[in-house]
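Read from first to last, the chains carry the letters A, B, C and D; within each, the first residue is number 1.
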Amino acid sequence: MINVGVLGATGAVGQRFVQLLADHPWFNLQTLTASERSAGKPYGKVVNWRLDAPYPDNVSDLVVTPTTVESVKDCDLVFSALPADVATSLETEIADAGIGVCSNARSHRMDPEVPLVIPEVNPDHLGLIDVQRDRGRGGFIVTNPNCSTIVLALALAPIRSFEFHDVRAATMQAISGAGFAGVSAMDIYDNVIPYIGSEEEKMETETLKIMGKFNGSEVIPAPFRVSASCHRVPVIDGHTIAVWIDVKEPVDEVKKAYANFKSPLSNLPLQPAKAVELLDQSDRPQPRLDRNRGRGMTVSVGRIREGLRFVALGHNTIRGAAGASVLNAELICSKKYL
Amino acid sequence: MINVGVLGATGAVGQRFVQLLADHPWFNLQTLTASERSAGKPYGKVVNWRLDAPYPDNVSDLVVTPTTVESVKDCDLVFSALPADVATSLETEIADAGIGVCSNARSHRMDPEVPLVIPEVNPDHLGLIDVQRDRGRGGFIVTNPNCSTIVLALALAPIRSFEFHDVRAATMQAISGAGFAGVSAMDIYDNVIPYIGSEEEKMETETLKIMGKFNGSEVIPAPFRVSASCHRVPVIDGHTIAVWIDVKEPVDEVKKAYANFKSPLSNLPLQPAKAVELLDQSDRPQPRLDRNRGRGMTVSVGRIREGLRFVALGHNTIRGAAGASVLNAELICSKKYL
Amino acid sequence: MINVGVLGATGAVGQRFVQLLADHPWFNLQTLTASERSAGKPYGKVVNWRLDAPYPDNVSDLVVTPTTVESVKDCDLVFSALPADVATSLETEIADAGIGVCSNARSHRMDPEVPLVIPEVNPDHLGLIDVQRDRGRGGFIVTNPNCSTIVLALALAPIRSFEFHDVRAATMQAISGAGFAGVSAMDIYDNVIPYIGSEEEKMETETLKIMGKFNGSEVIPAPFRVSASCHRVPVIDGHTIAVWIDVKEPVDEVKKAYANFKSPLSNLPLQPAKAVELLDQSDRPQPRLDRNRGRGMTVSVGRIREGLRFVALGHNTIRGAAGASVLNAELICSKKYL
Amino acid sequence: MINVGVLGATGAVGQRFVQLLADHPWFNLQTLTASERSAGKPYGKVVNWRLDAPYPDNVSDLVVTPTTVESVKDCDLVFSALPADVATSLETEIADAGIGVCSNARSHRMDPEVPLVIPEVNPDHLGLIDVQRDRGRGGFIVTNPNCSTIVLALALAPIRSFEFHDVRAATMQAISGAGFAGVSAMDIYDNVIPYIGSEEEKMETETLKIMGKFNGSEVIPAPFRVSASCHRVPVIDGHTIAVWIDVKEPVDEVKKAYANFKSPLSNLPLQPAKAVELLDQSDRPQPRLDRNRGRGMTVSVGRIREGLRFVALGHNTIRGAAGASVLNAELICSKKYL
């Protein structure tokens, strides 16, 4: 068993980490950090559990520690659900101290030596861990993309061998993407908010890094453009994306590519049966009905039609955040980086 | 005063017609038709008023008549909120019987001799009324576009003089667009439905007719393409549309075009102060906050940015349905077609 | 294994039955009935699966049969998710034909010889099965209460030994209680509907039968009164009930009764660890966070305070419908009635 | 014209005050106060207008002042939308400085010398203004009740001549009651929160003061009990209350009392045609359909039935907050206290 911790374990993404790690077959969850205010108390006393998934009783008695390097020094690997302002320096310090960091924070995603990984899309980018180590770092930082970027990049994976130059993506994003207190009810109820800070920029840059080529020392961004328009809608979990892409192949061939898509992964505990699932019905995917496919790790694609247009959907706090990081960690272990 | 009636007065759009016509300065609302079941009873007894606008008491005692030509023979003009299957032949018969028809139904929108009009966009298309009359019709049929088409076409009007070829529109449409019983709560709550029957086709064809050129005898469709992706979201009223358009002008010039846009109309009772209003704030337009601008008749545009991308919004049952028809009727009157 | 079927397997409650029975350790799900229109086709082709729970693939190929006695003649036991108008005679015929019926329909709940059972509350009422058999019936009918009644009756169970005469219950009920198409989005969104047909009457009569005394031949209704006020709120699953009850015991003693409540059941597959769970936090229970406790079979109680007032909550389509029937069937089996 | 100001003009209740006062026939809105951060800037620049009512352009240029006594020294009357912690001392200072205060804050509601007034229920309590003046105060403080208390007290007014001792009230309250940022979307969406801090206590004490007897020097609380259970539901505006009351009169007589209820007011600008309106339909009142009756100032009552039970509804930020204060001010003026 690999000893792991969660940085920022009481927030929306932190709780998802705890949910996914409490009974993990490879990882021993031994450390949960939070703010000074919570430190020293049992997790069960300080967490305000807000997931509809059952609360994992076996972590109730874990005493919360402050969010410091010291707190995680006995961990082999930590998962970071920290806000970006805290994550930037602390993740660096932890990695420099010899510990692996799988981070959901945006801080290091675009660092040239930090892999931005979706296991089914660019597992080879983990080679950047060697680059980090070559520079003398004991541990490493591996990041996963922003929640809507993950859905988009996975939805593009089955057709990446086709030629295309332009991707337009209009998102309809869930409120949980902003954390438990991020969106007030008065703002989103009976409403659409057509703006999410920095979200469009993240989709437009992260996607190109993920789908770029790793040449052994650096990642060359993919040579297409993404233009995003991001909107918040009154949905609890699940980001829906309407996509246009200028592939020239006919609809049937595109559908075939989706139907035939095989995940390159095997034997990772959190890996879904299908990383990308093609739905036939004319009115799918839908967030409430499809977000939990593959225990929240499957991205659903439907409505492939002339244009070329389709609709993609994924669970933003599982596949798009905590689950993404845990799957990265599983890949890292299976590739013997730990 | 012009004597008017409403065909299908008890449904979602029918009630909006009644709301807008009950105190109209030019129109005397004298006839309300509904199903056989309701005929013969006072409107106040048969209507299940579902608008949050106050119920207009002065129509309570109007006795509902069946939806037939006979019922409206004393009207100068009727507004049609009929479903398409009923509208097709009945609207034709009424127009042939010498009565004007302003229809919200889709039945005749694409008929070559029927104008599909938004008063601020293509008022000259009313010339097709003369074409109808030249063929011997006593009355006329004038239609307004589908609700999301109206929002899109009005949002394009201020920049129609720029060159463009491709418009992509991802809609986030309100549940009222499907009528009072059209969407079950279990289907849309905490959900997005990425499909609305025939909606994409309507946006892709109607927009071109509206923005096309009328040469005195027919309308030549505008020479650009619209590609739509239509989605239902949990919003009561107000269709939001994320638009991409390949104009070459810089963002500032586009903004200026919106800021300077002037409606060609004057002195129509329902005409809003601004047909298209440019909103400055980075997170607007929003349906709950902006749908009622101009008493529901203003289309709001915001987030104009590189790409070229913007977000448009309009009230789907007012500007997008009943209000559209009433404004058409006002234009028809002011142009002396009645 | 006991061979079972589901009557009306494609609706909201029918799908919950299928979900709970697809992998049941005691029951072999062999028959699924639906309307004539669906009969003859595989379940997977005719069901429009609307649960967010994963679809159980192993029933996809089961060929749907018409809803008749003939269809279920090889079953030992059937679960009825039929509407009341169909259930009344068909359930009788099936029971007379020697087959056990566990019904969620309201048709026979108040029949003197039909047990209305919640396993943790009145398991002895199953003795009415013997009364049915003594009259010559080969099978039996056993019913479970209306969804809000179940939540109320379970919430009263821990304090039934206290003296009380008057119960007031104000419900806030989920939209799924009306089935998939029962409530239109325009009716319930941003709204409360303070009326649910017959619901108050059901709570006021069924509760007394459930908590009544079975004397070996009939049930004497419990000698208290229930006064209900039923309201629909915009919640997908989970009925919340604000309760006043005139017990004289102090709040602490009442809390102790809840904390000490033990289910009389053992070793039933669907039985939750706690039939009634007392929640400490001042703002619980909440439907979204607590409805899935005990896999949807636990009723949560909180806010016990002077008055005496408390708030109860349960999952209406699991504990309140399909799960209630399945747990009844498990109890029936464990008591050797089958 | 009476010169008035609004204390705390940018929040949820503050914006409602501005909406109601911008064009008031008796009041000249000359002062808007807010936090230090906003002071010195035009209202139109600092307010984040969140009402769906149109923004009143004529106040855009009013320069916001800090929330101090000094700021309002030229006002005859101020309306307070302050939070209780600020209101307690500041309202006292303003009243002592000779200015009238109509406050929506809870700070002084239960002060023995401060009237807690609903104009249609206890207009005579304004006599306490004389008590304040007799003690040497130049101005006065008059308060309106908490939002759910107002709905309850108005709903009881038509039957106050009947004998009763016990009132039970289960509320289903709108999210706007907590202000623009008071409830996070993740907390209330698809949910009910069965707890609102201090709300039950307010309903249980304020109602008795309002319906108490003023003997010329003090108010003797009404001799009945209120027991409340307060719940937040996913509704934007409008508090619904299920009420039980132990009046002995038959349902028909109670209905007659509601139908015959006449407001004692006349000629106040904001006064609705009906203070309490009895709705006949079996499923009314409903917040989305009925909250705007009487421009938000009418309380609707329906479902009067054996028990005695009924359902009441009112707009919480209009009749329940800003509108309540403005109507109080109109009553104060008409009674020549200013």
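Structure notes:
The rule we apply is simple: a contact is a pair of C-beta atoms (placed from the backbone, for glycine too) under 8 Å apart; a residue touches a chain by one contact, two chains touch by 3 or more.
Keep in mind it's a predicted model, so treat the numbers as computed, not measured.
Path length between chain B and chain C in the touching-chain graph (shortest route): 1. In this assembly, the chain whose C-alpha centre lies farthest from chain C is B. Across the two candidate interfaces, C-D and A-D, the one carrying more C-beta contacts is C-D. Averaged Cα coordinates give chain B a centre that lies 39 Å from the centre of chain D. One simple way to say how far apart two chains are is to compare their mean CA positions; for chain C and chain D this gives 42 Å. Averaged C-alpha coordinates put the centre of chain A at 47 Å from the centre of chain D.
Contacts with at least two other chains are made by residues 50, 189-190, 234, 236, 288-289 of chain D. Residues 168, 170, 172, 189-195, 227, 229, 231, 233-236, 240, 242, 244, 282-289, 302-303, 307, 309, 311 of chain D are the ones touching chain C in the complex.
Partner chain A is touched in their complex by these residues of chain D: 12, 50, 175-176, 179-190, 234, 236. On the chain C side of its complex with chain A, the touching residues are 49-50, 52-54, 189-190, 288-289, 291-293.
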